Structure formats: C-alpha cells, structure tokens
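Take a look at the structures listed below.
Same chain, two partners: chain A is paired with chain B first, then with chain C.
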Partner chain A sequence: MATLTRPGAPTGPELRRRTHPIKVDIARALPLTPAIALLLVFLAGPILWCVYAAFTNTALTGAGSGDTKFVGLANFRAAFSSDAFANSVVLTLVFTVLSAVVGQNVLGLALALLQKRSVAVVRTLVGITVIGAWVIPEVVAGYLWYAFLAKDGTLNEIIGTLGLGQNWLYTLPIIAVSLANVWRGTAFSMLVYNAALSEIPAEIEEAAEMDGATGWARLRYVTIPMIKRTVTTNLMLITLQTLSVFGLIYTMTKGGPGTKSQTLPLYMYEQAFSFSQIGYGTAIALVLLAVGGVFSIVYMRLLRED
Partner chain B sequence: MTTETTSTRSTAPLAVTSRRPVGPRTWVTTAAANVVTAVLGVMFLIPLLWVVFAAFNAKAGLKLEWPGSGFSLDNFRAVLTPETTYRPMWNGLVLCVGSTVIAIFVATLAAYPLSRFETRYKRPFLLTILFSTGLPITAIMVPVYGLFVQLNLIDTIGGTIAFMATTALPMSIFLCKNFMDGVPLTLEEAAWTDGANSMQTLRHIVLPLMWPGLSVVTIFTFIGMWGNFFIPFVLLLSPDRLPASVSIFTFFGQYGSVQWGQLAAYSVLYTLPVVVLYVLLSRRLGGAFNFGGALKG
Partner chain C sequence: MRRRSFLTYAGLGAGTVLGTAACGGGSNSGGDSSSGAIKVAYQQWGSGTVMKDYLTTVKSAYEKANSGKTMELTPIVASENDYYTKLQLMMRSPRTSPDVVYEDTFLINSDITAGYLQPLDSFLGKWDEWDQFQDVAKGAAKAADGKTYGIPDGTDTRALWFNKDLLTKAGLSADWMPKTWDDILAACREIKGKVPGVTPINVFAGKAAGEAASMQGFEMLFYGTGSTLYDKDKDKWNVGSPEFVDSLQFIKTIFDEKLAPDPSVALDAQIGTRVSEEFLPGGTLAIDLDGSWQSSTWLDTGGKPWKEWNDVMGQAPMPTKDGSGEGKISMSGGWTWAMTKNASNADDAWKVISTLTSFENNLRYNINSAAVAVRKDVAADPTYTGSNPTLEFFSSLVPVTQYRPQNTDYPRVSNEIQVAMEAVVTGQASPADAAKAYDEAVKGIVGEDKTATL
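Our next item is the complex of A and B:
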C-alpha cells in the first residue's frame, strides 16, 4: 500500500517511492501481459518485419518468390526514381492538405463557431447531419459520393443547367475524393472544436466585444490563440487519419482513372497485392510508416507538453 | 462582469445588465450565422439523402430522386437473402463483437496497473501506447499479410479478430486508463485491508464504478470495427467469410450493370446498427473530444 498513488495526484519523482522489490513490480505488471503479447505479435512484429522485408526482394510470384535475397536499398532506389511513386507522393500531399489541413480543419472550426451563434433547432439539425456523415461506414460514404459526383449523378443534375455538367470522377478525381473526405471527416474536427470553444469563458469574449473588437478580430486575437493547443492536436490527428485513407478512395475511383487518384496506400496495395511485389510494397509501407511516425511523435509531444 | 454595452460601438451608454447585447448589428450577425449554418447543413445532407431515397425506389439511378410513385420495398426484399445480407452481416457481427470483447477485456486488465501503481516502466510504456495510437494501420497491412501467410492465419476468422483487436488496443488502453483514473482509490483501500486482491477489487469495485466510461470505449471501438474495410479486405479471402463492409463490392461487376437501388438498400441495412449505437452513445460522447483536458496522460 505504500506505493499507491492517488489517481490524478502529481507523480513527480519526489512523490514516487521506488523501494519495493522487483518481484512486486512483476506481480503487478501481470495484467499487462495479454496486451503486451498482442501488441508485440500483431503490431511490433509486422513493423519489424516491414523494416526487414523492405530491404529484400520478397515476392509472391516471379523473381524472388523462390529465394528471398537481401537487396539493400534497391527497393528504395526503385521507388524514389519511379514516376508512379512520385505521382502518389504528390497526390497524397494534395489529398492530405486539401481534405484534412484545409477542408476538415477550417470547415470544422467554422461550423463550431457558427453553431455557437445559431438557434437551437439549426444547431441540432446541422450537428446531426454532419455527424451522420461521419458515423456511416467508409465504403458507404464512398458509394454516396460516387452517386453524387457521377456523370448522371446529383451534382450534375443541380448544376447541369449551367452547362458545367461533367464526370467529376474522371475529370478531377483527386478533388472528388478530397471533397468526399472533407464531407466524411469534418464532424471530428467540429466535435473537437465544439469541446474547445465551450471551455472559453464567456467573459473573455464579452470583454473583447466591449473593447470594440469586431467578429473577425475577436476570432483572430482572442478565440484562436486560446484554442491553439486544440488546433495543433486536431491537425495532427486528422493528418494521421487522412494519410491512411484507403476504403473511401478505393470505392470511389480505385485510384484511377489511370493513376490520377492513386495515393500512397493505394499504390502500396497495388504493388504488393496486384503485382505481388511484397518487398517493394513494404518499402513503400515503411515510407508511409515513417511519415506517420514523425507525425505521431510531434502529436505525442504536443499532448504531453503542459 | 455584468457591465455590457450594446454592440453599436463608440458612444453607446453603459447598460448594467447581465443579458447579451441585442443591437441591430447582433441581430443581423445572428441571422447570418443561422443561414450560413443551415446552408452548410444542407450541403452535408444532399449526398446523404440519395441513399435513403434510392433504397425505397425500385427504379433508382444515380441521381437524387424522390421515390414518389416508384416507392416500394422491393430493393430490401431483393437484398434480404442469406447470400447478400444475412451472412455478411453475421460475419461482420462475429468479427466486430469478437475483436471488441477481446480489445476491451485486455485493455481493462492493462489499464488497472497503469492507473493504480507507480513503477519506473510506466511512463515509457504509456508513451509507447500513445505513439501507437497514431500509427497508420493501413501501412502495416502488407507486412501483416506476410506474417499471416507465415503463421497460416490468412483467411481465418480467429486471426482477423486477433489483429483487429490489437489495432484497437492502444486507444482502448489509453481511454480505459483515463476513465479508471476517475474512480477514487479509497473504496479499494478498504477492500485491500479486508484481504481482497487487486483482481477482485477491479472486478467488484472499479468496474461497476467506471461502467459509463467503459461503455463509451466499447461502443466507440465497435463502431470503428464495423466500418473497417481494409483489414478484412486484405486478411480474408473466401467469399463466405467476408463481412458486410467488404461484401458490398459484390454489387459491382457481378451482373454487368449495378442495381443502385439494391446497393442503397443494402447500405442502409449495413449502416443502421452503427447509427443506433451512436445515438445511444451521443449523450456521453461530448467529453471524449475534449483533448485539452481529457487526454492529459
């Protein structure tokens, strides 16, 4: 009982008593074993294997399927000199910046701010609709947007009279999937910002209003600085989510036409499973993991920093 | 604090009132905010409406149409067969319930020592967990496929459940620990003095008290699993093992042209469970999005 800490109590080194024998540590850590075992086998294992296989010519069929050889940096060299890889890196960046950093983030904040000023009916109905778009499964969202943007779909029906009708999935595939991702993901940012805005004391905004700050100035100099931490955290989380979007794009365009909406996850899938180049596929996976890892570290630091 | 002015600037007299200012400007701003919000809401609604209308329209195409005289339940009748709906739904249910139960059980066990005891390994462990919550699972599907081939787990329900549970673990452990931290220690101390061990106190004292939090984590995990497409898509191969998220693709290419009405009806059926669960969850969910406070380690 001597080593108990109250939850929420400060756990600085001065409050920690580390005199109990190692045996006690082990006994207490026992309930952790199933979690550690699962995480080691199914998460750490594949990541380590990924690091290994990325440097081999592992393949399911054809050259390399019989005897797996260590090929050094060949997979990475092949990737970085490949147009298809460069194409998917650019598309991934466009997709992430457009749909997450700009789309979901800005629209989510705007919705949260607008909802604060709206009457209860509007606030509730809009909230339900936006969250509805978020709750439905990824594949269904993909089909909804396929139907919305297709040649004889709803959007063309609406704007057809203006002579703008076209097959959006064919002419602007990456914009199309980005829009779908904004639609699907905005609710998350909206909920995060709703929570953050509700914590700003009303007096602060009222004081700014009294000082004559206009709506825009209040947002710029009062509201945003106060929720800065939330903005960064939110950006980090939605970037990580968007980096690994697969089902939505696969349902809408399968990465096409050609490779015009083939982001890194789809390129990786095609190389590893359609072309059976597991070694090359894992090299791409490793690149994706590394990008995610960097974001993850930044995100962690932001959460820990108090 | 009670001193406010009307929002017309400069020489407006000070009014000692606790009500929000209601000047003409504020009125205009509020109206504008309502209109913009409503317009945004409609923009979110339009793509969503298609699936509902098309599901009840026997002759549904890709554009949004009120079923009108074409209103019928034929689409539902057509898809409500063991082949198209019942089996994929059942498969999805087995996968999701299985992996959610494992994830929550393992996460609760793991959260207990992390919440109750101090050791020198706790902090690095929690940091690792936190780091793993951010990893893109999509990226490790290629190596996981390789691992499953090696371990002969490919196309097995058990293996897929175990992997899906693991992907949910970091977040579940993290949330469980946070909810457990909210349960005061005093009751447990009394039980310990009476000779109860920590697993008994977890079962009889902590769990009943953190039930609301735990149900949030459970439903949240289940919703995530139900919508998950990529994991079963890669790890399961036989058509009769595929869950609803993957078998939706059979509407394409099988008969040449796509039956959009039936696809929509199927989508409605597949979406319904998560909508119901979300409604159950929504009243409690608010706090989970407060990253400013709730996620402090």
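Our next item is the complex of A and C:
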C-alpha cells in the first residue's frame, strides 16, 4: 500500500527471456478471454461511447436525439467559453484542495499519529468513529450533514442561542460540502498512514528522541521524510476520489444556491440529464478525466523525484 | 399534488411553428400480441394521489370493459425535471419504453422531434369524441407536420392567490385587486409592516423550483410587460430586452426588501410543496403567484386537506406591469396523453388513451385536480362547474392568457431564465447583468442569427 513498485518484479533482462513456447501462453490466456470480453463490452464500450458522444450533439430529447450529428470540437469550445463551466472548474479545485489535499490528508495523518501514541481504548474509539463515517453510504452522509447544517438543523439549535445561527448551506455552501467530505473521507487517509507509521522502525524514533529532537522536529525530520512516498500515493488516491464526488454534494446542496457549489460532476449531471444535452455532458466528463490526469502526473513526478 | 406548466390551448392559431421537425410519421403498430399489458407511465411525487387514484379507477374500468387486456401503471417517482429525464431515458429503448405516457406540452414538441412518439391521426379520424375537445385544445400536441401526438386532459391559468384574513389585518380589502406591479409591492409593504411574522408574497424563482419559476414566476411578469420571449412569425428569440430587466428588477425588489421568503427557503427544492401544504394553510404567507390547480391540494383528495380554504383564500388576476393592455395577464399550459413510437400494440394503447380522456374519466380527473376543462361536455357539466368555487374565476382568465414558445429550444431557454432569476435572488448579479448573461446563453442555444430585440 505504501509503495507503487511491485516487490519482486523481474528487472534483469535475462529474466524476461521466454522460457516456454508461445502456444502455452495462448493456452494460458484462454481462460481469461471471457473476462476480457466482458471488460471490453461493459467497461471499454461505454468509455468509447462517451468519447464518441463528446464529439456529437447527442441529446435525450429534441433534434439531437432524433438526428445525431458529429459536431467536432463544438462541445469543448462551448464549455471553455462558458462562465458556468469556468465556475465549476474553480469550485472543483477549491473543493479538492480544501477537502482532500488539506483536510483529509492532514487530519488523517494527525489521527494516525494520535492513534500510534495513545492507549488501546482511545485507539479503538477513534478508529470506530472515523471508520464509521467512512462506511456510511455517501448519500446518507450527505443527508446527515444536511440535517446538521440546515437552517433549523442541529448546529443552529446549539449555537442559535448565541445568535450565530444561519443557513450554512446557503451562506457557505462550498465550505459546508468540503467539511462533510473531510468528515467522510478522512478514514481512508488515516488507515493509509496507520500502515505507513507502523513500518517506521521504533529504533529510529528512539534515536531521534535520544538526540533531543522534540515532537515537532521528529515529525518534520524523521517521520514525514520516511513516509513521503505514502503521502504522495495517498494524495493521489484521495484527489482522484474527491474529484468525482457527486452524491454528497447533490444531497446537501444540489450544487446551489445558484451555482455556488456546482462542481464539475454536478455541472456534468445537470447538462446531461436535466437539460438532456448528453453530448455536452460527456465532453465535460472528458475534461474532468483530463483534470484527474493532470493531478496524477504531478503526483507521479513527485514520487519519481525521491 | 404539484401540477404545473400546462400548455393546452397551446397550438393556438393554426400552424405550430417548430424550430426543427425531423419527425418520422410512420405509425408503428409493430406489436404482435393482443395479450400484452399496456404500460402507462406518469409522474408520482409529493403526497398527493390524485393521479394515482384516477388511474387506478380507469385501470379497473378498462380491464372490465376489455376482457383479457391489462393496463399496467408505471409511476415514475421523480420531481418535475427528473420526470422528463427518466421518461426520455425509458422511451429511448424499445425494451424499456412504456406504451402510453403523460407528456407536458412543454416538452412534447421536443419529444416529437426526438422521434419518441407516434401520431394519433388515424385513430382520431374514427373517434367521435374528438369533436368534444375545444379547437384551441386540439392544437396542444400538434407538431409541425400537422399531425396530432397527444390528447389533452385539461388546462390551467395562473393568478394571485391571497389570504383574505392577512390582507384585512394589513388594512387591505378582502376583494383586493391590484392594478399594477406597484400596487402589489405597496400591498406587500403594508403586510410586512402591519402583520409581522408573515411573508408578504411568494413568486417562484430559481432553479430549484424548475419550470414553476419560469412559468408561474418570471413569465407572469414578463408577458405582463407586453413583451414576448419568442416571435414565431419571425422565428426570433428576444434578447437585449429592457422588459426582461424590468421583470428581474421586480424579483430583486421583493427579495431585497424581504417581501418574499428568505432566499434559503425560496431556493430549496421543496418550495412548491411547502407553499401549498405549509405556508398558505398555515397562514404564514399572504400572497402567492400560482396556478389554478392550487386548491386541488386542499380538497379531500389532495395532499393537505384544508376545509376552510375557500373562505380564507381569495384570487385576483395578475396585473400587467402598469395596467396597460387588458390590465391582466395569465399563462397557460397543459398535459396530454401520448403514445410512444415503441408502443407494443398501438390499437390497445389507443384504447387506453381514449379511455383516459373519455367524458366520465376526464370529468372526474378535472374535478379532482381542479383543472380548467378542455372538453366542452365536461365544461358544461353541472357537477364540474359546481365542484370548485374558483373554476369560474380561472376560466375567465383564458381570454388574456399567453402560451410559452412552442419550440424545441424552449426547455433550455427556460432553464436560462431560472439561472438569471437565481443570480438576482442570490445577489450574484444585478438584473442588468443577469439579463446580459441570459442574452448570451440564448444566443448560444438558438444561434445568434435567430435572436433579435423584439
């Protein structure tokens, strides 16, 4: 989990030499063909259809439905010249950075560190709470947060007496959904870091302690450098997960008010299904794919550097 | 039950102009068996069961009259916009397509262009009851090819509903009848000042309310300025319209001055249900710009029975902006029963459709849903005219009513209207800026050459 290279993978050229006739290879591959065929039909098929649809005016109703035409890059041009699209890209980045890169990542690490140092009872309690949030279905989590933050929700019941009550989903929508996503997704980072921290040899930490390193210095100069690869891997995974979050935001705000929490997945859904513009919607899906790709490349570079 | 956006007399005048109409006419009676059930798809949402009860009765009557045949009800549990989407997804494939569908005329032309429906003319020629439908209603589901694709089951008009008790408390007449937009605003300010805790007015605005925002909200204002969204003779959409800004300004005023519900309530997807089941019966909302079917919620068959509704609630026509023209304005729409292209057995599907719109069934449906009748025999029936004290009022608005553009681009333009309203309500944009963004969006949808300042 902490590393991306496969342990024991053959590296030397001599290991790659064929040790058996080609016929055996084919015979061995034969049992795989149903699986491959299924993958092609049900996974590659829809993806290819998506790519195709992104270049057409496919729609659920109206002209694009009866008479589908190839429109070249028109969908992409329309997207890149649209304010609503630009707004969604910005919100998607805000949501991803706030809730995944900062929120889930930092909190996950903090919880993992806390668990390492605390007694068994605390460890179990924290584990159950955090993982509980992770196990709850996305839509249920969204509804819980809706109930908590809504105008007559739990939070306002508590702080309303101090005059601080307000409709959080209306005043701070993107912050509200980011918070909910941190709450829901932190368990994943925590588990990843738990695994990584347990692999740091105790002697190294003890040695650092002997040398007089304080807690903060130990974390900065010993722990983090030792789990750096895990940090990057974790960041990559949670970023990709967060980019595609839909159910949580849809349940909490439906992308509103206005378009103040309309991230790319919600914008895509709206265009494809509320306005029936499947072609345009799939084009946005491809853009989202590209955004994920860019993030991945950045993280891969970071990984390669060390 | 939340029923809105009816567009019946819609075909008004002869030729319905459609932007595009590449609809194949070939009536496809493809089906083979005489045994298969006829699947009827309709929208089921909220707590009302008017449509469900009505269809259940029709189902047993149909099955009794045609032994061996069955009618299968397929409720699509979805809010307004989701209903259209789910229905369209179902109609795309012969395997999932229902045989008979409940279509809003708002989208029927779009779905005809998409090739989901088949024309009913061959059946209508042999159906003697078709003469009972008012001529204007017959055009409701007529496509550009001149063929009819749906049988309307009722229409509606829109006006101001107001709580007489609250208005009298604010020192206004129980026979309140505003003459201009300013009269409405003045009354709202009185209510706000004199009856604390009461929201003066609700005008649907924003994307959460969907088509209700466009039709009950914006268009009731905009068409009252004498302007129009679309000129079908010139085939041009209206952009750069100062009246568009005026209408948005009205919305801004009621929200800025807190005469309307708090934006966080107004922009919630539940606003429609809350207005009819909570705010109006609860006496926390004084004036509501809404449809003729509103009282169906308060009948014994509705989602929120309210015995005193007719004593408490009054109705006034929506005035035009400065009282010019006829002085009042309304919008109309309608729903139709249509047959899908993939219907398994066209003859049986037609039997179902004609049963659904027969005199007796239509009469009961119009009474239970408080709809304005489209059948002459229903409109003249004493049980209908006596069924609801507001029928006369809402029928009287038919002469001043307007219809939405019958154009396949309208659904997307309508969405842009909602976006513009929401931008104003949330303070994201001024009315002028929101109107400018609307203009650009419309140009993008219909093409710049199809726009003009009308």
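Criterion: the second predicted complex is superposed on the first by the 275 of 306 C-alpha atoms of A that agree within 3 Å, B and C clash if a C-alpha of one lies under 4 Å from a C-alpha of the other, contacts with A are read in each partner's own complex, and residues count from 1 in each chain.
One rule holds for everything that comes next: a residue touches a chain if its C-beta (ideal position, glycine included) is under 8 Å from a C-beta of that chain, and two chains touch if they have at least 3 such contacts.
None of these values were measured; they are calculated from a predicted model.
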For A:267, decide between first (touching chain B), second (touching chain C), both and neither.
neither
A:85 contacts which: chain B (first), chain C (second), both, neither?
neither
Would you check which partner chain A:170 touches, where first means chain B only, second means chain C only, and both and neither mean what they say?
second
Of chain B and chain C, which one contacts the greater number of residues in chain A?
B
Touching A:47, do we find chain B (first), chain C (second), both, or neither?
first
Considering only touches as defined above, state whether A:122 meets chain B (first), chain C (second), both or neither.
first
Of the two partner chains, chain B (first) and chain C (second), which one does A:59 touch, if any: first, second, both, or neither?
second
Looking at A:76, would you say it contacts chain B, chain C, both, or neither? Reply first, second, both or neither.
neither
Chain A contact set shared between chain B and chain C covers 151, 273
Would you pull the chain C residues touching chain A in the complex into a rising list?
19-20, 22-24, 81-82, 84-85, 88-89, 92, 107, 110-111, 113-116, 206-208, 262-265, 267, 269, 408-409, 411-412, 415, 419, 422-423, 426, 428, 437, 444
Given the complex, residues on chain A that touch chain B span 1, 3-8, 11, 16-18, 25, 28-32, 34-36, 38-39, 41-43, 45-47, 49-50, 53, 58, 107, 110-111, 114-115, 117-119, 122-123, 125-126, 129-133, 135-140, 143-148, 150-154, 156-157, 183, 186, 191-192, 194-196, 199, 203, 206, 209-210, 212, 215, 227, 229-230, 233-234, 236-237, 240, 243-247, 250, 265, 268-269, 272-273, 278, 281-282, 285-286, 288-289, 292-293, 295-297, 299-300, 303-304, 306
Per the touch rule, the chain B residues reaching chain A in their complex are 1, 3-5, 7, 9-10, 21, 29-30, 33-34, 36-38, 40-41, 44-48, 50-51, 54, 61-64, 105-107, 109-110, 112-121, 125, 127, 130-147, 162-163, 165-167, 169-170, 173, 180-185, 189, 192, 198-199, 223, 226-230, 233-234, 245, 248-249, 260, 263-264, 267, 270-271, 274-275, 278, 282, 285-287, 289-293, 295-297
In the complex formed with chain C, which residues of chain A make contact?
59-63, 65-67, 78, 82-84, 151, 167, 169-170, 254, 256-260, 273-277
